[in-house]
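After this come two complexes, each holding subunit A, first together with subunit B and then together with subunit C.
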Partner chain A sequence: MATQHSRMAARVMVAPSVGLLFVWMIVPLVTTIYFSFLIYNQLYPDRQGWAGFDNYYYFLTDRSFLEAIWNSIVLVGGVLIVTVIGGILLALLLNMPFWGQGIVRIMVIAPFFVMPTVSALVWKNMFMNPVNGMFAHIAKAVGLEPFDFLGHAPMASIIGIVSWEWLPFATLILLTALQSLDSEQQEAAEMDGAGRLSRFIYLTLPHLTRAITVVILIQTIFLLSIYAEIAVTTNGGPGTATTTITYQVALQSLYDNDVGGASAGGIVAVILANIVAVFVMRMIGKNLDA
Partner chain B sequence: MARKPTPAAKTTVTLLAWTIGFLIFFPILWTVLMSFHSEGDAIKSPVEMLTSVWSFESYAEVQTRSNYGLHFFNSVVISVGSTLLALAIAIPAAWAMAFVPGRRTKDVLMWMLSTKMMPAVGVLIPMYLGFKNMGLLDSRLGLVAVMTLINLPIVVWMLYTYFKEIPGEILEAARMDGASLRSEIVYVLTPMALPGIASTLLLNVILAWNEAFWTLQLTTHDAAPLTQFIASYSSPEGLFYAKLSAASTMAIAPILILGWFSQKQLVRGLTFGAVK
Partner chain C sequence: MGHITLNSVRKTFGEADVIPAIDLTIQDGAFAVFVGPSGCGKSTLLRLIAGLEDVSAGTIQIDGVDVTDLPAAKRGLAMVFQSYALYPHMSVRKNIAFPLKMAGMSVDQQEAKVQAAAKVLNLTAYLDRKPGQLSGGQRQRVAIGRAIVREPKAFLFDEPLSNLDAALRVAMRQEIIELHQHLKTTMIYVTHDQIEAMTMADKIFVLNAGRIEQAGSPLDLYNHPANTFVAGFIGSPKMNLITGGEAEKLGATTIGVRPEHLDIVAQGGWSGVVGLAEHLGSDTFLKIKTDLVGTITLRAGGEVQLRHGDQVRLAPRADKIHRFGADGKAMA
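After this line comes the complex of A and B, so read on.
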């Protein structure tokens, strides 16, 4: 079917997408790499020159870098644990027959469509605020001292907010996977006397492995670049308690005007993300063959 | 499971599922409820607030005190504009890759996806400085361009997985019957491709509407979409809960409704077809 002529046409049709993405990826990336080797601070325009690996040296040996890496790991890891375990439990529940499945599904999926700045501010003010928030009102009603969530447990609070945003995604994907589970196999196992738990461990969980992997990998990509939730709740603080790599690089470039240093940080972030990306690509590539 | 559950079991599951569903949905519901009360009532205890007078006061105030219409308009222009532009670029590409796959089609698809894996901070600085030099900071045009490029890989992928499901034999049959390339596209392919294109459009409008890295970095006021407008409430003056609620309700309502329609497409779209 593919003649010489149609091949030619196909190339022409693919060219704009490939060309644009190539420029979008290569030009800024090469520029960032170039900046990362320069002494380039917008506040000191007279100090210029070649920095060699100094920017990387300062970024990587700065104590705040290790903290930021650690904060990124805690944030991403925390959200993954909550959403994957919560998502499995919730998907199992929603996969059982009950009245009003459609409505419950709609309620569960809703947080995913709320823009990050809205969900962060709603949680910060209407719920977690130690004076006027819902949790403070409840604490006072039962005679407890209101807790300053974002002040005293900032990272846990942000993990909570972000988990609320991503739990629907995990649930929906795991639920979709559950629905393709072979029910005859389950029944056969049940007749052979397999209990609920062993059916879950030996049949359901292996079936879900692929979906769980997909959830983990895709969420990691999105979670690594979490920005708005931090910017409108804690601004990376108190201190540097919630400053992740993404947030630190944004701060360094836009507020400290340290283009060189921030570029080095950006490249470090790219390298870290690529390590994750390799796994994602393999996963999806395998599916493409199937 | 095919087996019929006992009524008692079904009732228990129903109660549990509704409770959890309600709790997950509650923050949104609460925001909507709060938006219909005055500032003074919004900070009272939940029971006092619910029993206080209901009003549209805060909606009116959001309209008069800020240029809400402008930010809403910006959100629409940026999300719809970038999605349409991405579709225009991606449809031919996805089409060609689905129907005339070459030796390198798979590599091209994977490479496109890999551009999506690049963290935004890696390219933030040149983008920011470039935008500044070209006078594109805080411009709708600049943001539409960025959002188009950000979503292009997802658009190509989604369309590709949809087009891939259109059987090639249908084309051959049409050709045998003497259909020209034009009528083949208009009468055979377009009707089959439309649902896929529609879901792609929907999902990408949602993603672009809620995007909150580039919109926060590259806009301040004139081109600021709702994400940035809502962010301005992070350092407010005076009482603001009711106003924040009203603004939030207006910002999420349209997309929430669109989102509910796109549930199914969401899974395959965001997993690049890995889970269907």
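After this line comes the complex of A and C, so read on.
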């Protein structure tokens, strides 16, 4: 019934929601772009006026900028590697029949429901604290020196915390994909002489590519904006060891009160995120076809 | 080679005794068909032979070697599944070559074997396509190709034609028969369709509730059914099984008369009214409601003009009546 008339009617009917979504997106974006060209520092209310591209210039030439980009890449990449590999292994495990399967599945999903600030605090104080943390106690119990995770391996520790939060998501999506794997295919491969490992490489992994793509795409979007875990645990430190682009922007606006500079940083982050998105879509998006 | 022997093979799933105890022998080069209604254990039996299920008791021998504890891959059998079970992300070429690749064969040898199989199955033009781009019949041929290249001791078919439409099913049936004549390899074929069983088999095993009711050549089963189950299962339309007074007159509990062994007569016999007349052109199937022996199916020639409501008299040919005792077994 896609006549000229009904198509017109459909457009008129969806117009309000499309318009609302457009305004929803465009207003904050335009405001940010506007601020990024202003001299706007809350500590110096007397200094006002157009800044031109100065905010961008200072943000991009700041020596911590390249470091922040690198930190972002390490954080996102590290968490992706851990969650995809760990997610596949966990999904394979959970897909096997065992007693108490239902309860275990719910428990595996549980970390996803814990708020990022809360889970970061729990990890920081209950597990990784070099004096009172569980890991410190375990180390002392077996006669080892307690390790100061957040002091000596800050990025790895944050990757660990964020991976713990996102592993359930990856596991859940990959488990659903695993369950749709055709059992007759597996049996056919078994008769064709494929062992467990060959079946995993030639059947299971290709079957999972689409789910893995979804996991990587969605997680990349959310991981680029990680803020709470860094703020709660290391505050971007020690030094600038865990300052990502997102955290750099937050530092500029919250600690330096430089709204103009932070806005410029935000726009830079948006542009970088879009470049990453295009790149990722090009690279693995073709798996979503067919 | 492919001489398969089962010795008192038993299979239980928890409490359920799916196959109580089966003994059977399939000669090298035979085309054996397991036929029976849904849930009779025929697919389970095939999976036991394939090694996809473990036997609960008993032994399986292939060419005199005990394979009961061998994994599926080591038994030298190839299986064609109902869903084809093709690998969706691989091209037809890679699908067919997969068992060879797993066996560690060189790429050149793989290609030669794939080409040979593709030629036999008319798949040469489709080698670079993915299974999703093929029709049902072509997918079935790819599945058969994947089985052929392994040069197995025996082929196992698990209802391979049930996902195809009627016309294609007849064509594929003939292709499989020709393939068997060409390869001369043992084939075991599972189906619930007695027409497939009758047309393809050298030897039919009729299964019911995990037991072999009768084994023999198609015509043997048709002419001499061992019991009422086989009598009712083999043949289309089904044999008329009559109990009561008319059976007792012949000294049996049940008598069976095939629809094609009944004649319309002027007098005598059983009188009845035509309930349904199916005119197929070549034949006419009449469902006749009689007072004495219930509803009877009769197969008449295509020229018969009887219609719903007509009065007829019908009589069985005396030498074609099958007699069964109280235990359902055929009487001598």
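Criterion: the second predicted complex is superposed on the first by the 256 of 290 C-alpha atoms of A that agree within 3 Å, B and C clash if a C-alpha of one lies under 4 Å from a C-alpha of the other, contacts with A are read in each partner's own complex, and residues count from 1 in each chain.
Simple rule for what comes next: a contact is a pair of C-beta atoms (placed from the backbone, for glycine too) under 8 Å apart; a residue touches a chain by one contact, two chains touch by 3 or more.
Computed from a predicted model, the values in this text were never measured in an experiment.
*Asks:* Given the alignment on subunit A, is it a clash or a fit between subunit B and subunit C?
*Replies:* Here subunit B and subunit C can both sit on subunit A without a clash.
*Asks:* Which partner does A:85 reach: the first (subunit B), the second (subunit C), both, or neither?
*Replies:* A:85: touches no partner chain.
*Asks:* Answer with first, second, both or neither: which of subunit B and subunit C does A:187 touch in the superposed model?
*Replies:* Touch status of A:187: both partners.
*Asks:* Between subunit B and subunit C, whom does A:169 touch in the aligned arrangement: first, second, both, or neither?
*Replies:* first
*Asks:* Once chain A of both complexes is superposed, is A:73 in touch with subunit B (first), subunit C (second), both, or neither?
*Replies:* Touch partners of A:73: none, neither subunit B nor subunit C.
*Asks:* So after the superposition, what angle do subunit B and subunit C open up at subunit A's Cα centre, nearest 10 degrees?
*Replies:* 80
*Asks:* Does subunit B (first) or subunit C (second) touch A:156, or do both, or does neither?
*Replies:* Once the two structures are laid over each other on A, A:156 reaches no partner at all.
*Asks:* In the superposition described above, what is the shortest C-alpha distance between subunit B and subunit C in Å? Please give a whole number.
*Replies:* 6
*Asks:* Would you please give the residues of subunit A that touch subunit B in one complex and also touch subunit C in the other complex?
*Replies:* After superposing on chain A, subunit A residues 187 contact both subunit B and subunit C.
*Asks:* Where on subunit B is subunit A touching in the complex?
*Replies:* 1-3, 5, 10, 13-14, 16-18, 20-22, 24-25, 27-28, 30-31, 34, 43, 45-46, 89-90, 92-93, 95-97, 99-100, 102, 106, 108-110, 112-130, 149, 152-153, 156, 168, 172, 206, 209-210, 212-213, 216-217, 226-228, 230-231, 233-234, 240-241, 244-245, 248, 251-252, 255-256, 258-260, 263, 266-267, 270-276
*Asks:* Quick one: in the complex, what on subunit A touches subunit C?
*Replies:* By the definition above, subunit A touches subunit C via 182, 184-185, 187-195, 198, 202-203, 206-207, 209, 290.
*Asks:* Which of the residues in subunit C end up touching subunit A in this complex?
*Replies:* Spelled out, the residues of subunit C in touch with subunit A are 50-52, 71-73, 77-79, 81-83, 85-90, 98-99, 102-103, 132, 146, 150.
*Asks:* Write out the stretch or stretches of subunit A touching subunit B in their complex.
*Replies:* 1-2, 6-7, 9-11, 13-14, 16-18, 20-21, 24-25, 27-29, 31-32, 35, 90, 93-94, 96-101, 103-119, 121-127, 132, 134, 137, 140-141, 164, 167-169, 172-173, 176-177, 183, 186-187, 210-211, 214, 218, 221, 224-225, 227-228, 231-233, 245-246, 249-250, 253-254, 259, 262-263, 265-267, 269-270, 272-274, 276-277, 280-281, 283-285, 287-288
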